[in-house]
Structures are given as C-alpha cells and as structure tokens.
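Structures incoming, each one as structure tokens.
Shared chain: chain A. Partners: chain B in the first complex, chain C in the second.
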Partner chain A sequence: MVYRWNILFYTFLSILPALIAIFLWNAIYKNQNNPEAIRYITTYYVVASWVNWRVAQHQWPIMWQIKEGQLATDLLRPMSYPAKTFWYEVGGRTWSTLISFPFFIVLALAMGSNFVTPNNIFPWLFALLAFVISYVMSFFLTASLGLLTIWQNQPEGFFTLYDVASKWLGGALVPLALMPGWIGDWLQWLPFAYLYSLPVKIFMGMPFEQILQGFAVQLGWLTLSCIFFSWVWRKALDRYEVFEGK
Partner chain B sequence: MSVVIETQKLTRVFRTYKKQEGVKGSLRGLFKRDYTEKKAAYDLDIQIEEGEVVAFLGPNGAGKTTTLKMLSGLLHASSGDARVLGYQPWKREHPFLKQIALVMGQRNQLWWDLPAIESFNLQRDIYEVPNQLYKERLAELIEVLDMSKIINTAVRKLSLGERMKCEMVAALLHQPKVLLLDEPTIGLDVIMQKKIRSFIKDYNQKYGATILLTSHYMDDVAALAQRTLVINHGRMVYEGSLAELTERFAPNKVLAVTFSSPVSTADLGVLGQVVENQEVQARIQVPRAAVAERAAALFQKFPVADLSIEEPQLDDIIHDLFTETNKAEIGNENKAVEGEKVTELAGVKP
Partner chain C sequence: MARYLKLYLAFVRNCAVREMESRGNFVVGVLVIFCFPLFPLLLVGAIYQQTKVLGGWTMYEYFMLVGSFQILSALVYTFFTRNIFNMPEYIRKGELDFYLLKPVNSQFLLSTRYVSFTELSQALPGTILVIIGAVNSNLDIEWWRWPLYVVFLFCGLIITYSIWFMLVLPCIWMVKLDSIEFFFGLFDTARYHPNMFGGIVKILMTYVLPLGVVAATPADLLTKRLDWTGAIWAFVAAIGLLYLSSRFWRFAQSRYYGASS
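What follows is the complex of A and B.
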C-alpha cells in the first residue's frame, strides 16, 4: 500500500510544474489581451510537462546501481545490462504514464479552449515518433552520464546540473521561441532541443518540411549519442572495480 | 578430467589516490595527486579440474575476492590470462555466464521488496531454464534447504541465514558447472553453516560441479575442500592438499597429558617443547615423525593418567603461514631498500 500511495503522489507531482507555469504565464499575458499567446503557452506547457516527465533520466538509477553494487549482480547474468536498464525504465514509465494519464486529461480539460489539439492524426503520430526517438536518445545520453560514477563516485552535482541545463536548453522550462534570437538559433543545434522541444512543436503544428528536418537532426543526434554510449560502456567495463557498497 | 579453470600470470593492479589528511592535504590534492598501485593479484597460475572443490584462502586483502571477480568476468585483468570453461571471463559471453555462478556472502542478488519466488522466476527467464526443469530443480532445492515456508516472504523480512539459502537457490537454478563462492557462510550461525556446507558438498557430488570457495572459517575448508590454494599480498604462497599443508607448515603435534602427580617443566623438556604446564596437566609439542616414540617415553618416565594427541588447529597453521609469508615479504622489501641504499652509496644511479 505504501508503494502505491508513493506512486500516486509522485504522479500527481508530475502535473504541478505545468500548473504553476500555466498560471504564471496566464498572469503575465492576462492584461495583454492576447488569447493566441495564452493558448500557445497553455498547450505548450501541458504537452511539455508530459514529455518532461516521460523522458527518463537514467543517470540516477545507474549511479545507485553502481554505488550499491547492483551493477555487479547484473554483469554476472547472461543479459545485456544496457538493454535491461532501458526496458526496465520503459516498463516503469509505461506504468506511470498509464497512472498519470487521468491527471493530464483533467489538466487538459481544465484548460478548456486554451488547450489546443491537432485536428488530424498526423501531428499526433509524428509527435509520438519524435517522442520515442527522444526517449531513446535520452537513454544513451543519461546512461553515459550515469556510468561516470565508475570514475567519479560523487557525481550528483554534475547530474543535477545536466538535469537543469538540459531542460532549460531543451525548452522544457521555457519555450525556445521565447529565448533571445541568437540563443534560440544556437540551441536548435544542440541535442536538448530534440529531447523536449521537437515533440511539443510537432504536436502544436509544424510545417512538414521542418518536421522532416527535425527528424533528420534528431536521428543524427541519436546516432552520435549511441556511438558515444557504446564507447563509454566499453571504457566503463574496463575501469569498473566493483564497489562493495556505499 | 579436463581443466575447467586455468590462469596464466593473472594480475590485477588497482590504482588508488593517496589523499593526504587535513585541509592542506585536500587543497594539495586539487593540484597534485599521488597515486599508489596495489597488485591485488599478481602472476597467479591456477589450474582446477572438473569436479574439484578447491578452497582459496588468504587473510583480508590478500586478493581472493579480486581473483574470483576476474574469474567470473566482473573485473578485467591488468595482465595475464584466464580461461574458465574455455572462455575468457571478462568477455562476458552469454554461453559462459549461463554456466557459472558467483555467490558472495555480502552481496544480494534478490529483489529486496519482493518474495524470493519472484526472484527465482526472474532467474528462470534470464537464464532461459525450461519451465519443467525449473519446477523440478526449484522443488528439489526448496526441499533440501527446507525453504517452503519462506519463499513467499519479501526478502527484506528474511533473516540472514534465510536470505543466504535463497541466494544459493537463485545461484543454482540454472545448474552452473562452475560455482564461485565468496565466504558463503559468513555471519551465519553454526547450524546454518553446517547446512550450507552439506548442501554444497551434495551439489558437487551429484552434479560434478567445479567449486572454488573462499572462507575464513576453517570448518568450511576442512569439510569441503579437496585442495587448497593460499594467497597472500596477491601472490600464491601455497598450493596443495590440506594434509600436505598441515605436514609442511605444522611439522609438530601436541601431546596433551594429564599426570597423577605434578611433573616439572624441566623434566618434560627432554621430550619436546613444553607449551603449557599446570600442575598435573601439560601440553608438549613434539615433531610429527616422533609422536609415537615420545608418547611411549612419556608413559615410561612419568605417571601418566591420560594422554591425547592433538593436531594443530587449521586456523593456527594458516595464521603461521600468513605470518611467515608476511615476514618474507617484509624481508624482500628491506633487501630491495638496502639494495637501493648500497647503490646510492656507490654513486650508481638506480
């Protein structure tokens, strides 16, 4: 029962950042008589908060597995540790998505006409595809980060920095469109925009050519992050000294 | 009998940062770091045949666990080679991993919050054990270890002994051919230790599994091991049977005698070294080969009421062996240092 309440509280928390952001931006635009902006911001934050909470940060569980010796147990088994870690998180996220779905439905309904959904199926499908690619890319990036624990056994500060920086630079905290022009242009070439922003922008309506361009860049970053992870994983196995615990 | 575990000059070196104490040391460490290299295992040549049970002994920090970790593939060797069942362990190929098990007394592979049976089911899937075979093996293991009442209890609620039994089951469900046991009875009570020992022995006899076990409990070694490897400071210092170990490093036995009237230590001294003399009870250390002769002499010369011949405790033998090898190690280091000093004095650069 304790675990179930824990999951419920944790899931409820996933919509709080969206609520706070929506109320804040509504307050900012309230006196400007700009319903379009309010609709944009509301839709953006409902979808972005969903993406934000679904894109897993693998560095934390990997860090704890290394510190507590669980990695050693998994390395002794005839299975791929990266695959196991990935699918374990997919299972957990799928379950939490199912549980959180009603909360997001309520949130979307509560926003009323300010939450705008696409009027055909293709943005939904393309957004979902972009989300799946971003999920896999996030795995490679954050799992590489988590493996740094093998070299530096107090990486928490660096992980938190990555958490905040990736979300800020990826548009999960503030839409990239609201960033100063040259920053926004520069951020389009970093992987973080393709972790968080791309699925949201596709959902909110993006020209098809831009969607294709977005996928091309996203797949490029996916490939690079996969290669990087493979390299880090090989080095990690060489270096791993099997900690006996904290 | 084929060789199942073979190592050639197996070496593992750990490089650790040597932090100076205090704030100054911490600040200095930001700019200049001193590292030390420790050879946890050095030039190990091991051969273990199929079906053997071998005890791997050594003091804390000797390199036992490091060696087991290399043989199971957890650690890469710094140099040298190892082959277990024909595989190089640190390549961690799945066919290799399906045939070995490493059980570490201080490590838990079971899901903490779930009943043990859930972990067993997961092991079945990971190791791809056919369902029927899994059920048969599980039933057998549960019966032998008397675990039917605990398999549906969350692991975190089990006692240490119960958890250890569950760990053994989880390790053996896939019927490994090579079993690496790192202090499997550590922290267990006497009854549980006996159960685990008996279980391991039966498993070896029934399935012909090759077992390499480390333990600080000499009862484990005496009960299970056909052969012993002794390691100290990363190096192999002895390899052979327990009987040979006893003969080589314990050349004496002890005559524990009770007299009808007190006998002086000086009088007893002609028979051997008097270890203890308390009025009518004495303990005399005599050479192994001369036990019969000295015992006969004891009966002839003194009023003996009772006599027993004691083998040295295995703990004491191992302790003496470690002490000797430590002295030899220090001696070699001192020679090396003296050699450097002589070289310096002679004006020759090292």
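What follows is the complex of A and C.
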C-alpha cells in the first residue's frame, strides 16, 4: 500500500491504449453502420486490456537481481529460487489486481451495452482458467528471458522486443481475427496467442470444442515453456559467477 | 548557449564511446530495435482491410503518419528515454543532489546527459515508410515541404519531451511512480491522427494533451492538410510546454528535500 498511488496511476493509464483503440475501431464501424462489430471490438479491448495488464512480466526483476548480485543471496536460501520468484510475483500481482480491478469495472460499465458479458458461468470459469495457464506460461517465458542477463549484460533490447512482439502477435493490441489474410491464421499457432488472445476469445464466447482445442494447444505451449525454462535455469546456474565483495 | 552546446557534444561523445565499448551489444541492439516498427504495420493492415479511408486518410497517407511517428519515437528514445528513466532512481537513491549542485541548468543536465544511439535505428524503418507513402500517394510533394517537415518533427520532439518530463516530476512527492511506463501508452496515441476520432477525443488529443499533433502535424504538412492554425499551434505548444516544464521543474525543486533530510 505504500505505492498505492503508483498502482492506481499505472492502472488508469494502462487502460488508455484500450480506450484509444475502442474509439478508433468505433469510428471505422460506425461509418459502416455495424453495431455487432462495435460490440465485438469494445468487449474484446476491455477484456484484452485487463489480460495484457495482468499477464506476468518477470524479466525485469530477474535482470536487476542478477545485475545487483542479489541472485547469489537467493541461491543460498533453502528454497527453490524459481518457486520463490513465482510466488513472490503472484503475491505482488494479486494485490495490485485487487486495487486496480475497479478501474476495469468502471471501464466496462462506461461502455454500456457495447460491453457484452457471457450469459452463464462457464465462459467466465474457462476464461479464468485460460488466464491462469497463460499467466504461468508467461512467467516461464519471461523468467527465461530475464536469465539472459547472465550471458548478455544489456538484454533490455531483447526484453522490449519480446514485449512488443508478444503483444502485437498475441492479439493484445489488435484482434487476431482482424489481422490481414494468412497472418492471422499463422499467428494462431504461436504461443503469444495463448497468452493474450485465448482467454479473451473464451470470455466472448467460443464453441466448447474450440475451447478444448485451445486448452490442448495452450497446455502444450505451457509444457514447452516449462521445459525451456528448466533448461535455461540449469545453463544459467552453470554459467553464473559470483565475486566476493569487500 | 555555446557552453551548453559544447557540454552536450561532450555528453554525446562520451555516450558514443560507452556504447561502442561493447560492439556486439550495440549491433544486436540496433538489429532488435530495427524490428520494433514492423509490428504496428499489422494494425495498419487490419484497419485498411476494414475500410479504404479512415478519417479521410488513405493507407499510403497513413504510412506517412506512422512513419513520422516512428522517426519521432526514435528521436525521443535516443535523446531522452534513458535520462528520464533515471530520474526516479536518482530521487530514490539521493543522487539527484549531485545534479542540482552542478553549475549548469539542472533540467538540461538531467534531460540530456545520456544518448542511446541504438534507439536511432528505429528511424530508418520510419523513414522508409514515409518515402513509400509519399511515392504511392500521388501527392506530388514540393521540395520545400521536407525541410519544414524536419522543423515540425523537432516541435513534436519538444512537445513530447516536455510532457514526459512533467509526468515524471511527481516522483519527488510520490517516491515510486511508474509514470515512465504509462507514458508509452500516452505516447502511443500519437500514432493516430486526431481527425480519425473526432469529437471530444480530437480536442483532447490536440489541445489538452497535444501528443496527437506531434506526428500528425509533420504528416499533415506532407499530405497538404496543414493550415495556419495547425502550424502555429505546433510552435506555440512546443514553446509553451517547454516553458511550463521549466516552471514545474523549479516548483518540484522547491519541494525536494534532498538525500540528507
């Protein structure tokens, strides 16, 4: 709560890109007299902005821990560093989610009838499950990226490239269904679509078979990301060197 | 003025030497950052699949706007990002005192100390987009518009810097404020032309928080949409916001208690 203003400020202005996108697409579809599309795009961006805001981004804290030598201290503790890092991240995110969630409710209410909610409990539950899986997957991917600091002393460019690429290619900034031609179809098979787009599409209503298929692919990517992180972590421990200070 | 110019050139030389110490990092950084501008083209493709004209802008005219935004982004990130990113850290660690004690304008020192040359690579895709848009839009752009284009880009740079600098100053009161991060969300609005929205959004983006004009004004000039009011407003906003940032900085300094307090 010490940094509550920071969280509130951050939340408010993280909603801004969604608002701009909603206004932009509304301008396009109003000219076409297409209220169904307006409802689709409004609901998509409200939910996607929340998913985008809450998905784990752990590369930066890991980078700082390595650069400042704090990783050595954590390695000496009688607990798994990845597990400790993960639950620390969950704790922080949970609290900031509780503080920031009312802003998203206000945003949804402000959209009025253009924001469409599911009419039964199952899309909510499945969307939440998909979000939890995407959160864990994002943790493994970004933690692997953060460990790059052990080999590359200025990995910030890679972090930003991942951030930009994952959001654009994952449907966080433009719905994949609206991507030109074959690009949208191809992007469905990258892991980024299962970080951002899948929870949103489930919330907006997907046939049950497609939900199952989505979960199957998402769990596949989760497994791969976990294996990848384990491999990177082992290599990082082999490579990591600590020099005694004064 | 000459003294400040000499000092700035010294900063630039120092930063160039530092970045080139690790040539591998520099090359990788340039290649990585070069890719950033490619992703927003997905949005352009998505928009123009749905409509042929958006707010009166065709796709190739919009390329010029997006390209202008990319060039401006490159300049902002090259000259100001690292400096503004560092400011909250200086305040938290008490290092701001060292900047305030130096015999130069502290806002100048804080804002220009570091230059990130790798970020400049973003300007190339932006320039290519502008050229592609100019060639394919059949506008027959006169030669004199190009130097003025550079002038208006510079106005946009000043507006962007001033707003970002003012947004980060509340760190002096709030200690931790990730205004740096959410600035990117605000700055992203400059990717769109205010006319694409209309109504209250257009007024907000043009006059209240004029990030909407930083890339739009140079693009308007090339696409022959710019009128006198738009041109004058770009200069007024740049000068006015720079002055406001200076006043706000002085106010913030008066509220800074220093590391020893």
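Methods note: the second predicted complex is superposed on the first by the 240 of 246 C-alpha atoms of A that agree within 3 Å, B and C clash if a C-alpha of one lies under 4 Å from a C-alpha of the other, contacts with A are read in each partner's own complex, and residues count from 1 in each chain.
We take it that contacts are C-beta pairs under 8 Å (C-beta built on N, C-alpha and C of every residue); 3 or more make two chains touch, one makes a residue touch a chain.
Source: prediction; values computed, not measured.
Q: Go through the superposed model and pick first if A:106 touches only chain B, second if only chain C, both, or neither.
A: neither
Q: So in the superposed three-chain picture, is A:238 touching just chain B, just chain C, both, or none of them (first/second/both/neither)?
A: first
Q: Determine, under the contact definition given at the top, whether A:78 touches first (chain B), second (chain C), both, or neither.
A: first
Q: With the two structures laid over each other on chain A, which partner does A:69 touch: chain B (first), chain C (second), both, or neither?
A: Once the two structures are laid over each other on A, A:69 reaches chain B alone.
Q: Taking the superposition as given, does A:165 touch the first partner, chain B, the second, chain C, both, or neither?
A: Second partner only, chain C.
Q: Just to be sure I read the superposition right, which of the two partners does A:183 touch: chain B = first, chain C = second, or both, or neither?
A: A:183: touches chain C, not chain B.
Q: Give one of first, second, both or neither to describe whether A:16 is in contact with chain B, with chain C, with both, or with none.
A: It touches chain C, and chain B stays clear.
Q: Quick one: chain B or chain C, who's touching more of chain A?
A: C
Q: Would you mind listing the overlap between the chain B footprint and the chain C footprint on chain A?
A: Shared contact residues on chain A: 3.
Q: Provide the residue numbers of chain B that touch chain A in the complex, in ascending order.
A: 14, 69, 72-76, 90, 92, 94-95, 97-98, 100-102, 106-109, 113, 126-128
Q: Which residues of chain C touch chain A once you look at their complex with the stated criterion?
A: 22, 25, 28-29, 32-33, 35-36, 39-40, 42-43, 45-47, 49-51, 54-55, 118, 174-179, 181-183, 185-186, 188-189, 192, 196-198, 201
Q: Which stretch or stretches of chain A touch chain C in the complex?
A: Its residues touching chain C are 2-3, 5-6, 9-10, 12-14, 16-17, 20, 23-24, 27-29, 31-32, 152-154, 157-158, 160-161, 164-165, 168-169, 173-175, 178-180, 183.
Q: Residues of chain A touching chain B in their complex?
A: Against chain B, the touching part of chain A is residues 3, 69, 72-73, 75-79, 237-238, 240-242, 244.
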